[in-house]
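What follows is a pair of complexes built around chain A, which joins chain B in one and chain C in the other.
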Partner chain A sequence: MSVATQDTAVSTGRATRVLIYLILLLFALFYLLPLYVMGVNSLKPLEEITGGNMMALPGQWTLDPWRQAWSTAQIGVEPTGLKPYFLNSILMVVPAVAISTIVGALNGYVLTKWRFRGDTWVFGLMLFSCFIPFQIVLIPMAVVLGKLGLAGSVPGLILVHVVYGIGFTTLYFRNYYASFPTELIRAAQIDGAGFFRIFWRILLPVSGPIAVVSVIWQFTNIWNDFLFGVSFGGTSQPMTVALNNLVQSSTGVKEYNVHFAGAILAALPTLVVYIVAGRYFVRGLMAGSVKG
Partner chain B sequence: MGFLDIRNVTKSYGQVEVLHRVDIAVEEGEFLVLVGPSGCGKSTLLNMIAGLEGISAGEIAIKGRVVNGVHPSKRNIAMVFQSYALYPNMTVGQNMTFGLEMHGVPKPDRDRALAEVAKLLQIDHLLDRKPGQLSGGQRQRVAMGRALVRNPDVFLFDEPLSNLDAKLRVDMRTEIKKLHQKLRTTIVYVTHDQIEAMTLSTRIAVMNKGFVQQLGSPKEIYDTPANVFVATFMGSPAMNIVPATVVMENGTAHAALTDAEGQVQRLRFSQDLRAWEGKPILLGIRPEAITDPEGADRKSGNIQSLRNRVTVTEPAGADTFVTMTVSGRDAIARMRADANVAAGQVFDFAVNMEKAVAFDPETEQRIA
Partner chain C sequence: MAATEADFRTRLQDWLPKLVLAPSFAVTLLFVYGFILFTVVLSFTGSKMLPKFDWVGFENYGKLFALPAWSTAIANIAIFATLYIVICTLIGLMLAIFLDQKIRGEGMLRPIYLYPMALSFIVTGTAWKWFLDPGIGLQRIMQQWGWESFTFTWIKDGDMAIYTIVIAAVWQTSGFVMAMFLAGLRGIDNEILKAAQIDGASNWQLYRRIVIPLLRPAFLSAFVILSHLAIKSYDLVIALTGGGPGRATEMPATFMYSYTFTRNQMGIGASSAVIMLMTIAAIMVPYLYAELKEKKA
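Here is the complex of A and B:
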């Protein structure tokens, strides 16, 4: 027997509700399990891992694996830890995200508010770039970087990621600005504001949500990229490549605790970005698609 | 030469011409309303004056200076948009002074102009708010304030009242009229609402299909419409247009038409229509020119009687609208609220033929 409630359109009984929460809880635990394993094992000495239960809490808590991973672990031939590579990644990611987002915003602005003959074609071609797999552009990109003298350097990697990211950022900003009233641009023109002034004073201040989307997307992709990093990184390889070198080394004892700590270190920046800006991410994604 | 000259202005997109040789001279202090149905080219013309759209042929001059190719911000015009187009990230005050800032006016001068206009429009208490926190009527005022603050030569209004609810629209209409009477500025105003056009304007340009159908004072447009389109577009309910034939009787022209029963009735013209004897015409009579005999205009020298059956009565409060069939078409009479008519009844209508007009059925142009 069930009594229809007045406040919800679809009424659910108490039992159904408990079941739903239980299932959700199970999924959440299942989803968090890898993080738990990584966290727990990065805080125990190696013997505890090799000697037995991976799921158990540390018998003896220690931060040594983290210290090792950060500053003394053997990466390739040098015992530098992940620190220099982490810096490489930061030096690459920050400008690459900033440049690709700004260029994407400008593209979106031009493609919606300063229409020109053939603009839909230009946009279509830029969209096309979103569907090109990384592997296809490796050789042409290597040639271009070589000709520019940027091969094996951080600026080279920045260029690669900016070029590859512009398609996505342009798509985001174009769709967002498409619902921005053109009358505002016209009003600003009559008021005497020029191309960049309108962009800077009228459009950018309301672009927060979509800028967050673009930054999160670009940050995650560029930070997590391995292929471009290993192909064009040269002496300034990013964090992902270093992590691979740490984990995949075939000499000596496998220090799982250090590997776990290193993996968390490599994932940390993207996690922070998501936690800080996550709710804007969803809001921004919606804002682009549905007016309101 | 006027204050704002629109000379033979044409607009075409590729092969399609959407505006055909528009020629209007606006005097200083005039309130010109461009009115017409959607797609008639009125907004395009306004955007061309503003400089937001290019001019395909002809020229537009403001104060004697040809402005074809002059950037919108350098034409010394201000525009109020239908959506108000207030910058959402700026306060009301910043919105209103943005144009002055862009033109490099120093801060103290901007503040002085802002204070003056804000006081005039009674929005001084709103200056620190964001547009999102304002009601529709307040946004409308801010949009007008933004235009006023720049003290332009010409104000352009693009359907500024169409986003407001009915009551507010009437209030703001009066506000705009008051403002114009006080400031005596030159205004070009676009609307599709013929009542706005009638009430606000000193002159109206009725447009349709890219042509200016008629340019004249509200009274000219209303009393002597140039063609059937203008006659039916202006006025609500629309002017009754019924087929009739011109017949001569005692040396004067009469309109012969049929009543609901098919009987021929004759209404004497005030105009001289001898040349049209025996020919078909379209007779145009405004609903308020057909009344009950007691409600007829006493100053009129030509009240004709039309005996006809009433089809429907619609009491509208202030008036009662009475529908009948004339020459096979519905015709509406506007009567006093307490006029004693009922549906089905045969009634003696009083037709004020001084206000009647006649159109050529072929060209639909007015002939008398």
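Here is the complex of A and C:
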């Protein structure tokens, strides 16, 4: 990464450097520990967890916990496994991310290149909505979703996530477009290009980095959401709610290995996105927030 | 005719940007500010299972602050938020400063520090719940490794359970704070540091007197993001302790949910949500105002 070349000019002695490396490695172990625990124990038979040591590698490797978590584990009252909930999450996340990102891009475009009186206020009001505790909207949202006939449905959850996601996507695109030279827009306007044409031909082609940020941000937030899912999910609960039901179920033997496999399944999509595109995310986020 | 059509088109072009923005703005006004108003109004009514509009004044707020569960929630959020913000900031700053010392393998370490941020709090909660469980987790691991007297039962202990939530939450977000500080550090002009070194400043002085003051914006952003995450913390508590043992780890977010949706005390639930909003607004509004004003200038 390009930033890695800008290390500090501060120089340190040998003993200090050894200590620094040691601390950095210890923290790396701390961050990896839960992932190791989940991974190793999801591949063991249950007796090896209840009768053995959690840190030990499996004596007998097995994929059964994964199969159970995916297709036969008891979630609530039905032995369906996490599969249907995984599909719910996909069906919810894809449209919600797409819609909120497109809307955010258009909003950012208007707020930077077609400024009008009071636009800072409009943006300020939208921005504050990113930071409200969602508890303040739970009750009226439940009422409105019920009136719209969307309670307990995937479209209902999509609506909720789009509504409370556009503040952030607008923020990202606005900050990004703010540094794009407005003269180019004016020049295109004089040449007769209209509102959408300018957006499509001039801004969209350079929006890659911030679109990545917006998509990753929205994807992780929506996939990982629990509060809206548990409040409005009804029969279309997302993966996080199902995982919690699996882990908290009070009946029968606690199948830790299945819980761990389920947790990894719930984490997999966001982890994959992070591994594939994480560095673009950090780079884009920092470019946006530092420069403003 | 042609003239009016052209006229119409220019006028449409003038209005188009506002038309594009209007739906988002309307949605924000309705679903955010309208809903806030609705909840505020509800908090002054005697609503139980469903919204009702019988005005009761400040009765719910009086009841709320008389409830032991709410006092527990307030005490817990104070402990949790303070420790979470302070520890995340310290660890984040330390890791960022260390990673900034021309470290070999930085490219490997950074993603390891950052990946927990990609996980759901439910996943984090599940992992730590079983890892901290005395029966199968850390306590047993240590005992099996030969440290027979080792005990770690915080998660089952009403006085200590809140600290397990701090551990899991710090694990999840401290890497992200590191990234924010690292970006700040990389933005500092090396010439300033070199000049101070020539003047004979020690490394400690260099960081304390020059670098850390220059990181002020990063400190502020970290504080705002962390306090916002702390007050919203619902998922992690549910997954890790379920608010227990007993009600030992009740937080405002879990209190609001249980009073509104399971105990059918909607008026009290609404009033607790209003208190949460006011707390966040007290932190966010000055920050956002300053940010927007700065950018305008």
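Criterion: the second predicted complex is superposed on the first by the 277 of 292 C-alpha atoms of A that agree within 3 Å, B and C clash if a C-alpha of one lies under 4 Å from a C-alpha of the other, contacts with A are read in each partner's own complex, and residues count from 1 in each chain.
One rule holds in what follows: a contact is a pair of C-beta atoms (placed from the backbone, for glycine too) under 8 Å apart; a residue touches a chain by one contact, two chains touch by 3 or more.
Note that this is a predicted model, so its numbers are computed, not measured.
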item	value
Combined model on chain A: chain C and chain B, fit or clash	fit
Touching partner for A:Pro181 - first (chain B), second (chain C), both, neither	first
Larger contact residue set on chain A - chain B or chain C	C
Cα-centre angle that chain B and chain C span when viewed from chain A, reported as a multiple of 10 degrees	90
Which of chain B and chain C A:Ala28 touches, first, second, both or neither	second
Which of chain B and chain C A:Leu63 touches, first, second, both or neither	neither
Contacts of A:Ala193 with chain B and chain C, given as first, second, both or neither	first
Which of chain B and chain C A:Leu227 touches, first, second, both or neither	second
Touching partner for A:Ile136 - first (chain B), second (chain C), both, neither	second
CA minimum distance (chain B, chain C), superposed complexes, angstrom	7
Chain B and chain C footprints on chain A, overlapping residues	none
Complex interface listing, chain C residues touching chain A	13, 16-18, 20-21, 23-25, 27-29, 31-36, 38-39, 42, 51, 91, 94-95, 98-103, 106-107, 109, 111-124, 126-131, 136-137, 140-141, 144-145, 171, 175, 179-180, 182-188, 190, 193-194, 197, 203, 206-207, 221, 228, 231-232, 234-235, 238-239, 242, 252-253, 256-257, 260-261, 266, 269-270, 272-274, 276-277, 280-281, 284-285, 288-289, 291-292, 294-296
For the chain A and chain C complex, residues of the former touching the latter	1, 3-4, 6-10, 12, 17, 20-21, 23-24, 27-28, 30-35, 37-38, 41, 49-50, 53-55, 103, 106-107, 109-111, 114, 116, 120, 122-129, 131-141, 143-144, 163-164, 166-167, 170, 178, 194-196, 220, 223-227, 231, 240, 243-244, 247-248, 256, 259-260, 262-264, 266-267, 270-271, 273-275, 278-279, 282, 286, 289-290, 292
Residue numbers on chain A that touch chain B, as the complex places them	181, 183-184, 186-193, 197, 201-202, 205-206
Interfacial residue positions of chain B with respect to chain A in the complex	50-52, 71-74, 77-79, 81-83, 85-89, 98-99, 102-103, 146
